[in-house]
Amino acid sequence: MSARPIPGIDGKAATDLPVLKPFDPQGRAAHDPYMLTRMVARLNAWHVLTLFAVIALWPAVAHAQSNYTYGEAFAALWKWIPFVVQQGFLFNILISFFAMAIGTAAGAILGLMQISPSAFVRYPAAFITQLFRNSPWLVLLFIVLLAFPFEIEIFGFIIPIPAWMKAVFGLSLPIMANIAEVVRGAVQSVPSGQWEASQSLGFSRRQTLWEIILPQCFKRMIPPWMNWYAILTMATPLCSLLGVEEIVTLSRQAIEAEDNHPELLVPFFGFALLIFFAYCYPIARWTIALERRFAVKL
Amino acid sequence: MGMKRVKRALKNTVAATVAFAFAASSTAALAAECSNDTWNKVMERGKIVVGVKADYKPWGFRSENGDLVGMEIDMAKKVAEIMGVELELVAVQSSNRMQFLEQGKTDMFIATMSDRPDRREIVGIIQPNYYTSGTNVLAPKALGISSWEDLRGKPVCGKQGAFYNKIVTERYGAEVVAFTGNAEAKQALRDRKCIAWVYDDSSIGSDLASGNWDDFEMPLNSEDDNPWGLAVPLAEKNCIFGNFMSGVVFNMLQSGELIELEKKWGIQPTAFLADKKDKYGDWLANQ
Amino acid sequence: MLEGFAEFFRVLADDHPRWNFIFFHDPVQWARIVRGLYYTLVLSVACVFFSVVIGVVGAWAQGSPNRLLRGLVQGYIQFFRNTPPLVQLYFFFFALGQFTPTYSPDGWLQEPIISNVGWAIISLSFFAGAFNVEIFRAGIEAVPESTKEAASSLGFTRLQTYTEIVLPLAFRVSLPALNNNLVNLVKTTTQAFAIAVPELLYQSVSIWNDYPSAQYPTMLLLFVVYIVLVGILVIGMHRWERSMKIPGYGAAA
């Protein structure tokens, strides 16, 4: 990488003075888990307005000579907004809520399994975690949506599973794996001295985990947890590729119903961009606030 | 007197028992082959779930308040009306309609599907077929495409899940670029990312009639004219559901109801429906 | 041997109509899978390369004294990080795609100055690049002012200091985060499916649309290939990370 040897890196350091600032005791400081959130939270109204202006003015520039004016395209968008939002975007939110709930519950269990003293529990849990962390979300969605049944029968009761609910399962798998890593990371971030101290006070392993370690971790897990929620929300449009009815699917159907004028694409997808932004922005601000509040000094 | 009544009652009871036993055994024999699961489920809950298109104007598309409307939706309404059940419509795509039916998300579908041999292995496609379309292309007039061979080696936009993508690729060497939705594919054509849009001639015909594609034409002879079939679960094709649907389709063809629907939705009249009406015509009607 | 292999799957398909591993006994389908894999690799390699370049240049621009330049970089990061990558792909391909210069081999077709593969590479590189800028910036900020001052006192120019002193150090600091992001990028290439880039997911979906009986086997293949592909990447990245580690920094082990 470097043209000439750097003391302390390519060879033995000639001095004890640090070449770098001590960036992180865990070696992970450069990887900022809240990067996304922080960037969103840094935005101000001015950014949003600029974005909106670009999207709004685009068609005017793009299709100046067209006989289907961008005015008509925006009129069409206006007409379809209630439908696209109520039957589309609300489902994006719904999918993200449920996927997060299921992913969190399963991920917490999986994360705790990964720190189990028993190798029989630890290794399978680690395997499952890596399996779902490393597979593309879209591939998981395809598999769950096309290969899993739409009804399950439990004790003679037939429970129908709507397509969006299957999307929930599909998306909760990678969320589960990533939350498991959050839980594992949080537990392991507590200094081992605490484990030893509680052991010396006569706490059992279970007591230590539930009464000493986890209460400290809990607050610390909230910001990364919310960060994953934002990532999940932005992944929900993927469901449109499989025909699950959400905002992109319905936008596309609305465009078809309006006779597929090319001028419609930018207003409709631009609206989708904006509504996601409008939803994620407050969450990002809140996450940063929580992170500051819960910052634990060890 | 009293004796006679007792005798008669006895006789009736025996007869009823025999009849019942016979009926029971015949249902049992039927049940071995036909579980009629879907049919019974539909009747039990009083609702039929039908898969239809939401991006295939005017066969199935969205009205402004978000309802699904179109020719095939009208057919679905008719089916529900005859069965006396409620109708629930589910929007399906070419690439997932069969999976949805197989997995029980829909009880049946009427979704512009061509009746193909490999599809008959997966779902129960109902005879008679209710419509037909061939494969054709929507291409700019400026290009002057005149034969299928003109597509060789050129990018041609298509739709994921259409059976003729394979045929056009293998037979004419076109490079099919298949999008998930019609809107994207047509947009790609307008953006000149491909030289033509290969699709059902019926759909292209109604696009051209809409007046939004004045610089485009459908220049080729349609190929692979392929009747459409609606489908029920494969296991119930030869059972109550399948036979019932065959009857419904037959009656709609015979009565000319489909021709009227075609007119209602502004689709160019096809020879297929007129032929069928002729062929299935009621022999007493003209006596 | 290979014949026997194909024969086995042909028989399996006959016996079990839902388990038609068509790509193992039909050379045409096998060719599609190989082509899909090729495009997935092309997308991955190109996107990884360009996103890293964007990250390095962007991080450098962020340290620039020019406020306008800094503002532009900031705006770029905001736009790409706060919108779903899928919608970005649509936007690039359909909205920006209308303004790119084209040449026309036949008078109508506007041939690819930028094809859909090109747009996918651009869109995904910019998406991942936005992260990389922040990742590198964090790494650069970890290099002490005094190190840079020492370099300039030795007669290095600003550019030289950046390329020869700051970047090699910052790169090592950024590596773990960078690896995370690049692995994520490779997974995100599947979304190019939306604009019909013939990568592995597209080819797989096409195969099971053409041959419904091959659906489950193709899904299985798709899943296994991605797990292996990403697995190799993760292991390789970890190795690299370890070999690039600065002694005395980071966690033990």
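Each chain gets a letter, A, B and C, in the order it is written, and its residues are counted from 1.
Here is the rule we use: a residue touches a chain if its C-beta (ideal position, glycine included) is under 8 Å from a C-beta of that chain, and two chains touch if they have at least 3 such contacts.
What you are looking at is a predicted structure, and each value in this text was computed from that prediction instead of being measured.
Contact counts per chain pair peak at A-C.
Of all chains, the one whose mean C-alpha position sits at the greatest distance from that of chain A is B.
For the pair chain B and chain C, the distance between mean C-alpha positions equals 41 Å. Annotation: 18 Å between the Cα-based centres of chain A and chain C. Multi-chain contact residues of chain A (touching two or more other chains) are listed as 146, 241, 262, 265.
Multi-chain contact residues of chain B (touching two or more other chains): 95, 99, 180, 184, 187, 191.
Among all residues of chain C, those that touch two or more other chains are 90, 94, 98, 193-194, 205, 215.
Interface residues of chain A facing chain C in the complex, by the touch rule stated above, are 1-4, 6, 8-9, 13, 18-32, 35-36, 39-40, 42-43, 47, 50-51, 58, 62, 130-131, 134-139, 142-143, 146-147, 234-238, 240-241, 248, 262, 265-266, 269-270, 272-273, 276-277, 280-281.
By the touch criterion stated above, chain C contacts chain A in their complex at residues 75, 77-79, 81-87, 90-91, 94-95, 98-99, 131, 134-135, 138-139, 142-144, 147, 164, 168-169, 171-174, 176-177, 180, 183, 187-191, 193-194, 201, 205, 215-216, 219, 222-223, 226-227, 230-231, 234, 244, 246-251. Residues of chain C that touch chain B in their complex: 17, 90, 94, 97-98, 102, 106-110, 112, 116, 193-196, 198, 202, 205-206, 209-213, 215. Residues 94-95, 98-99, 118-119, 121-122, 140, 142-143, 154-155, 160-163, 165-166, 177-180, 184, 187-188, 191-195 of chain B touch chain C in their complex. Those residues of chain A that touch chain B in the shared complex are 79-80, 83, 87, 145-146, 148-151, 158, 160, 162-163, 241-243, 245, 249-250, 252-257, 259-262, 265.
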